[in-house]
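The next block holds one structure in the form of structure tokens; read it before the comments.
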């Protein structure tokens, strides 16, 4: 086994997620059945992969699909640099390299039987989308209590997975709160920043875990609100992003104190983060 | 060498009279053949300062990272004063914020050469005129200072500080300063294959730690070309394509800018000789444009200057 | 284990035999002093030198630059790592201890680094016990010893005109089992030498609770003071026998994905694509270097990630001495504690 060896995967479908074309989702399928089997044996929402396009390098992206969705793996990629620009140019049929699933996902076993508040913002919502899809699957839904989603984007054009999320409003087994930063004509959901929406919605902490993923600034302001609402630090989960190279705890780059985000995370409880040096 | 008491006194004075916020000089290091650069913040700390042949660095390299509005005193030898001049000309330093304390220089001792020459654990070194008295575990050795001088200092053409605010001590009479680097002449005396062989052998040892770059007062780019990713200008590896490109491109960036202090070579743990390349390029600058780095407070290095009146127009 | 012996003047003959079977790699004269070289002639090797090599031998298992894959049509193909087995000869115990420490990273169960693993398996390490430490040495301050055994297959000790060998592993034993046994008096001398060498080594600092002292200073201005004259070069980390951070880069013209050593002392090391840098200044980067060695390694495996070889002390262009940082940190933290 070679830790650094990407498996070949093929682009199956490319989805333009947002009106400004900065976010695209890519659904990739496995070239080798053995890779596919090994992947799904290990995969758990919240994990990530190293996505490579040779010549441009490798970068980590959270997995945005649930295992039951199919033999494909979805990544939602924001176009911010040279590698992501190359990824955005990919067409169905193109061959890419992927390593993963890497890291530890959300602790599904610990979350079983509990109510969940899933709070996300921007493109970091991708792994939360995978988690939600996992929980909503008919075989899994009974394992969890009430499900509340708070999802914010800067404007309606930047909302991800639009059609799917729209359909969540019709479901009786979950509550969805979507928010955009400033009012828009025709928008009849929340307006405001995610931390404020969380404050307004005020989820009850009893037997409830909160899972927060978003831009650092959103996370920073949301965590204290959850604490105010009475969520204990060990029931608040968040996923960190750091510059990574190897993704398997060898190259040394993504450490916070003695923990590696790639290997020991990327999901940490607030209690764990409070014990680490503030090197973020 | 400056009278150390006079030097400490002056530093103490400029700090207590608030002429400067901080003074940069050398203190004794943790090993007998090393000095450590030191920022003196309080007048009473000035007793930490030393003035000897073991100040390997060009202190001007430490100025770029200081706060913009800080008033800073710098103890300057010739090469430091020239680097500061060149940096001022390139608008990297504000001369108004600097107080330059010139000291006479007798050249920097190459501690590696010294340790090899005595071949034993050195416990102490005393400088006595033209000699060094080296105390070993169970022996004492005396060698001529000139024997273990760093090559950049042996070839130095301008050891005396220029453009300083004050001079501590007296400048010695200088005789027989080489006008051209003998190392360059020796290198040019060889044919192309031999020159390439020498360069390859040196570059081959490079471990790309960039100590040369960081020790260099004139390497101040916020983003060095080797750190640039799109496009990438050289191979990232310690391959020929990586290390040779590093040394060549760096040298070209130094054309008419290198102050020949040799701080790069002294910082290099692999002891790569590289100064002859920039010295050679500087000789070209002198021959072709009559330009000498740090010679005055106004002339821009030819390759860094732009003039609308340039007689050599770009091709239309 | 038994002790074997060979006269010093017979040793080159033995090495000649080894050269036929192994890439025998030993300290040899280089333009910059002493460096490991794969020797063709025993006369090249320089054992029992007063100083260590400048470049640490970790590079034989984790080369500074190495090809991870060749890439054709987007498919990644790992190169075959077929090498003549290597016999690393005359490695100081501080450097073999570093192999042992790095094994915990690169040979972690289920997460083995195939490249390190292969090179490590294909090699034999003969360490050379130290009886005269340098002024920059401090192995006993960080858990090592001048005759430490970790990371070596065989240790050799010089007693005037004989070398005495002790094997710690099976492959080590296999290499020297034909040599004559050392007599009881010789063994006694070796053991005495080991004892006195360790005892005579001065302590650079007391490492008790060092981890806690460093954590207590995490937010302190201490690091700003320590790093005030740091140049931000990679000398300390690239020469360090235990630093192992690396970068992975695609070299398009070569059609290769390579890995190169990297260092936390470089600004670009932690620079993120968004522009955010979690370690934006030299103080934060110096803190990372020191805390990784003396606090984070302790958290991970309860050993220091420093072997006291002194390369960073000797070669830092501005003479920032990690021993002084440690001592100063302890003093500062103790003072803070007292003020509480």
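We just call them A, B and C in the order they show up, numbering each chain from 1.
Keep in mind that, in the parts below, a contact is a pair of C-beta atoms (placed from the backbone, for glycine too) under 8 Å apart; a residue touches a chain by one contact, two chains touch by 3 or more.
This one's a predicted model, so the numbers in the text were calculated from it and none came from an experiment.
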Middle chain, criterion being Cα centroid separation: C
Identity of the chain that, by mean CA position, is farthest from subunit B: A
Subunit A and subunit B, separation of their C-alpha mean positions in angstrom: 51
Centre-of-Cα separation between subunit C and subunit B, whole angstrom: 31
Chain centre separation (subunit A, subunit C; CA means) in Å: 40
Contacts with two or more other chains, residues of subunit C listed in rising order: 247, 249
Residues of subunit B touching at least two other chains: none
Of all residues in subunit A, the ones touching two or more other chains: none
Subunit C residues touching subunit B - in the complex, by the definition given at the top: 31-33, 50, 54-55, 64-65, 134-136, 228-229, 231-235, 237-239, 247, 249, 251, 253-254, 258, 260, 263, 266, 268, 282, 313-315, 317-321, 323-324
Residue ranges of subunit A touching subunit C (in the complex, touch as defined): 1-6, 8, 54-59, 80-81, 95-97, 216, 242-243, 245-246, 248-253, 255, 257-258, 277-280
Residue ranges of subunit C in contact with subunit A within the complex: 68-69, 71, 73-76, 78, 105-106, 108, 111-114, 215, 218-219, 244-250, 252, 257, 259, 262, 264, 269-274, 276, 278-279, 284, 288, 291-292, 295-297, 299-300
In the complex, subunit B residues that touch subunit C: 29-31, 34-39, 56-57, 61-62, 65, 112, 116, 119-121, 201, 205, 207-211, 213-215, 227, 235-239, 242, 266-267, 269-272
